[in-house]
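Heads up, the thing below is written out as structure tokens.
A, B, C and D are the chain letters, set down in written order, and residue numbers restart from 1 in every chain.
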Amino acid sequence: MSRKIRYGMIGGGRGAFIGGVHRIAANIDGQIELVCGAFSSDPQRSKDSGADFFLSADRCYGSFEEMITKEAALPADQRMDFVSIVTPNHVHFPAAKAALEGGFHVLSDKPATLNLEEAKALAEIVEKSGKLYGLTHNYTGYPMVKQAREMVSSGQLGKIRKVVVEYPQGWLATRIEASGQKQAEWRTDPKRSGAAGCIGDIGTHAENLAEYITGLKISELAADITSFVEGRQLDDDGNVLLRFDNGAKGILHASQISVGEENNLNIRIYGEKGGLEWRQQEPNTLLAKWNDQPTQIYRTASGYLCQAAAAAGRIPGGHPEGYLEAFANIYRNFAAHVRSEIDGTAPDANVLDYPKIEDGVRGMAFIEAVVQSSAENAAWTKLNA
Amino acid sequence: MSRKIRYGMIGGGRGAFIGGVHRIAANIDGQIELVCGAFSSDPQRSKDSGADFFLSADRCYGSFEEMITKEAALPADQRMDFVSIVTPNHVHFPAAKAALEGGFHVLSDKPATLNLEEAKALAEIVEKSGKLYGLTHNYTGYPMVKQAREMVSSGQLGKIRKVVVEYPQGWLATRIEASGQKQAEWRTDPKRSGAAGCIGDIGTHAENLAEYITGLKISELAADITSFVEGRQLDDDGNVLLRFDNGAKGILHASQISVGEENNLNIRIYGEKGGLEWRQQEPNTLLAKWNDQPTQIYRTASGYLCQAAAAAGRIPGGHPEGYLEAFANIYRNFAAHVRSEIDGTAPDANVLDYPKIEDGVRGMAFIEAVVQSSAENAAWTKLNA
Amino acid sequence: MSRKIRYGMIGGGRGAFIGGVHRIAANIDGQIELVCGAFSSDPQRSKDSGADFFLSADRCYGSFEEMITKEAALPADQRMDFVSIVTPNHVHFPAAKAALEGGFHVLSDKPATLNLEEAKALAEIVEKSGKLYGLTHNYTGYPMVKQAREMVSSGQLGKIRKVVVEYPQGWLATRIEASGQKQAEWRTDPKRSGAAGCIGDIGTHAENLAEYITGLKISELAADITSFVEGRQLDDDGNVLLRFDNGAKGILHASQISVGEENNLNIRIYGEKGGLEWRQQEPNTLLAKWNDQPTQIYRTASGYLCQAAAAAGRIPGGHPEGYLEAFANIYRNFAAHVRSEIDGTAPDANVLDYPKIEDGVRGMAFIEAVVQSSAENAAWTKLNA
Amino acid sequence: MSRKIRYGMIGGGRGAFIGGVHRIAANIDGQIELVCGAFSSDPQRSKDSGADFFLSADRCYGSFEEMITKEAALPADQRMDFVSIVTPNHVHFPAAKAALEGGFHVLSDKPATLNLEEAKALAEIVEKSGKLYGLTHNYTGYPMVKQAREMVSSGQLGKIRKVVVEYPQGWLATRIEASGQKQAEWRTDPKRSGAAGCIGDIGTHAENLAEYITGLKISELAADITSFVEGRQLDDDGNVLLRFDNGAKGILHASQISVGEENNLNIRIYGEKGGLEWRQQEPNTLLAKWNDQPTQIYRTASGYLCQAAAAAGRIPGGHPEGYLEAFANIYRNFAAHVRSEIDGTAPDANVLDYPKIEDGVRGMAFIEAVVQSSAENAAWTKLNA
């Protein structure tokens, strides 16, 4: 098949944030094409947004339901191949459900749904549909995250004993949602964001990253979450003790009131033989630590990287790759999987390396466990997934 | 005008490096479309390469001359708007000349030409053609480089006294050109690379960066360049003393035999009141230094940045932007300028912020001065531009 | 009074570690003189050790009791002014008690005692004795730690909301105590180390640092401590949720099995208006973070520092001061306080800035709370001090 | 011999800077004792200064001549063993000459003398005297500098090709010497400082560091030095191209007008196989760089260090050692050498690792070559030593 993979976008019209990120991620490699969208629930706004991307008005729909119906009715050589969902959280489930049941593959922003129940239902829908479902836990797209995973799974660190994962931000240190900041508004509203604020928005990224790299599962946790900013309904900070299924212990903390922090996701992992450290704000560096030899600085696009890390880089070492390239790696793999579905060929192993509905269910189970544990004064709570 | 800007690529077929970078840079913002190419001087290879980008065979040409002639003959609503030149250096001049004289805007990889004489000739051709000419000195596309320039031009540092600019790499520490490494092969061949190796390939980036940020001109220099690797015809390392037109002094050194260095372009600038430091490998950080207060860490996408730096970022702070985004900023501005030419509107000031033929002439004058100075045992040599 | 302050050392003979650190700390400023010691419970070993420091054999005692008795009997112009206690933990209390009751000031290594009960008893003894008692929580001796404290207490950060304090080490990742490593041996032995291993040895430093800088008290905690290395009797890793008396939340974790970590004590503090970050391994840098302006890099010995931080530096900025200088700051202040006691003058405020028995009681209360909480599966536990 | 080594100090009275550093360096290890001094040419000021160090007035002399004469007349068991010279540069030579000819070993601050002629004369005096002469090029005292030297000499980097050594400071960016700043005053006065300012004060440290680590000699140089601050008689900035005796090329630049820089001495060295990077402001880290494997972070006090680096550390890894400890390493080795002279034993190899008169002659030859080259518009100039 010699054409670009085609997608339609749900959400992401003018004034949105993450929609623009998805579009860039889709654009980068020249393999994917935006052909339609339901960019807004306001039909005119949807058309106006679509015009920004040079779409014709008849492919800019006023609702995701309309988009799915009308695209399904188009000839196969015009119709979109998958939908990309970039709305606030509460729309993730209905949009994904409609798309999957309408015969389209889905690539959704995280968290997968508004709550765990929906996530489990969605998992069944995905399975029944036979369609592909991807979730943009984009931080797993970084080359050095893949290198870290390989170093754990190949046993270089020995049995994992300790994990420290952090995600501090500072942008919600004051009540900016009250002043009309759109991103803050829906994220602090339980109806659109879900049971957790900070923990749902960024805590799940931390949880996903820890499980992705270590290959372990968090079995139980004890959480203390807080709303520091007066009048805010959802948590803006959370501290969590972790226990993993292999006996490892850990700490996860996420915050949106850590003044002066930008987007400082980072993780440290210690095994019996070695340790790793990775920091998202300088993502092309991975430190490997040992007790009896110098710490090593692994770098994106170096010749000594594992196959998965090498495949996730685009340019030579020292030419920094960033957030958008990592995000694009999710899109690239997902689109390659879509392509192999269309072609009826088997995807290669790298292509399968993108987050799926199982990650979504884990994330929602994590959120629910954190909220429940904290409500019970940090009682140990198992993840129901 | 509501369509993407269309371009054709000269060079950049299978096996090339910088062509892929240009294509990603063009893709990122969804404003530019690759519509044709002369990807190789072998017509079949050109078509094969074009197929990788989903181009139809009839828009994949066997030479740039053919591409320019045939595209010029296409209806206006199909024809490419500009050409992107990504060949080895010796093709830059003839390709640019042909495109400009054929009525197309040109965005060329650097250095502009094979030598200073060609560069000066090209400047005249550009002027006569009335077409736009851009040069991908891509490092000036970084937001923090623009912030640095603004901090100098607004006088925050006081009069500039000293500039230290470095560009060490290590990849040519051994004679890899003898083993068939394509990138090394042409860069070490005077016929395709020009009078200088390392100084032409990366020294010019350093020169351009220093002049871009400071707004000063290098007036004269004393250079000591070396071919460390036996059998290599061109320099692989160069050390240069600089004198600027305002009396500032400086140092520029570039190297491709600095083992273990990736792409470590960096610059420090000191004025009477403050200093700046920027390092390309961690490009989202700019240090501002003062004698009587703490050093400040300026960061991409922060609220306190100048307008040009703000415009050059795409995503919130802490989401690292890298080399490809900086490169895309050159494409974005150039394409916006092309769009305003088509629309007959005045471009805004930001749009004009991309390197032009004047930068190309400066770069070639720099190369010639370095080579001449070094041949005369580091005699002070003025830049002839 | 124009002479050096004189001290005798308890512990710290050949093969010991921390004794040597104390001696250097005492030496640095030329204000303090080692005049005697009970370096070992083996009298000959004590004399041999003393000879290394050029002490005459008659001032090298076979027990701290002997030292205290015999020194007390010396003429005032020869007798030691204070004792320095550098033994394993179980000797701290009896040695301090004997010295205080024998009329000598005491500067003790931490933790203050073997358990909380002893610590409270010691507090009474100190008070009754009228003698000075200092505790070498040496990390509070760093200039940038003092700067951090000042920035909190002066309100620059606003009300404190979150504290993250870490102390990872890796040296006990394997069971080196079984192979005769002396430092590991006593630290992993409950009889000599106390109820906690890692938490007692380094966790207390983290606790002390957090309370010193913030001026807050930990009110309750939930702890999960672990012995990862088989056969080890005491914890070698601990993760703790914190709640402070002003409503702030926090995390403290300490580890001696974090492979590849050296002595990576670090702290981050976030208030309503600003944040701070300090890392012991690069102790001359303090980051101050803000949401609306660039992060600032405060540096040791800069002109803009607060008075306490300025007084704690010895040399101009950029001449790195380290662990020994910070340790020496405790000695210097303590000795100056001793000197003012001898002279009958009032010490100035800086001089009083060294850890005292109250810090020791807090530390022991912290250890006991951690151990108890962990035994109750991380139940919230109040500090009994 | 079981006693401390005794020294007298020339210079370093109240208000001086480097004298205090020398005294701390001498104190740290408890092996050396200050017994007398000619702290000032004003006898009362000398006595007042001595009282600060608890010296009796009769050992505080009004001139170095008096000190040398009177100390020589003391009984052997009281007399100083060596002198430490910490005056402005113009006194270095006469004081060292007098001490050596008076029968005392000498440890002098750098540069060795006021000019090259004096340095060569001093070399002869040292040789004739049979006494030891040490020079406090203190930066060679850092453990990681010694590790770097070992990695070069053992061939791990291959043949050295390129050296970049920098020493930027910012404290003389304005004319503070005119406002009575004592340290600035004499350093900018040719009569007391010599033919060069910045190049003499700190450029020589850079030169010494480069030659120490590489084991190479600078054979010729081309220099461009500048007095940026109006009214200043000596250079406050210098840029120098280097050629080494093995064919390596290099760059040295030193500056005291680089606003915001503290004391940022740093060096990078590239051989055919590997590279090294060391920065004085974070002195416990040494980067080793390779083209085909991750960069390694060597750290002070790690188990894998060479013998010389290990011997130069005092405390475990992660407990940062700084400027004063490095300085103390020069004192410790020199004092150990003095001790072996007194005892008539052979010093071990480590002990001999301190800078000597040969380093002093090299430094003065470097200064003279820089000044001469710059006067001839950066003509290549050979070092006359």
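Here, a residue touches a chain if its C-beta (ideal position, glycine included) is under 8 Å from a C-beta of that chain, and two chains touch if they have at least 3 such contacts.
A quick map from chain label to UniProt name: A, B, C, D = Gfo/Idh/MocA family oxidoreductase.
This structure is a prediction, so every number in the text was calculated from the model and none was measured.
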Looking at B-C and C-D, which pair shares more C-beta contacts?
-> C-D
At the largest C-alpha centroid distance from chain D we find chain A
What is the distance in Å between the mean C-alpha positions of chain A and chain C?
-> 44
When the C-alpha atoms of chain C and chain D are each averaged to a single point, how far apart are the two points in Å?
-> 34
Starting from the mean Cα coordinates of chain B and chain C, work out the distance between those two points in Å.
-> 55
Which positions in chain B touch two or more other chains at once?
-> 171, 261, 288, 295, 299
Chain C-touching residues of chain B, taken from the complex the two chains share | 287-288, 292-299, 302-304
Residues of chain A defined as touching chain B within the complex = 2-4, 17, 20-21, 23-24, 27-30, 34, 51, 53-54, 169, 171, 261-264, 280-284, 299, 314-325
Chain A residues touching chain C - in the complex, by the definition given at the top = 157, 161-162, 164, 166, 168, 170-171, 173-174, 222, 224, 226, 228, 237, 239, 241, 243, 249-251, 253, 255, 257-261, 268, 270-275, 288-291, 295, 377-378, 380
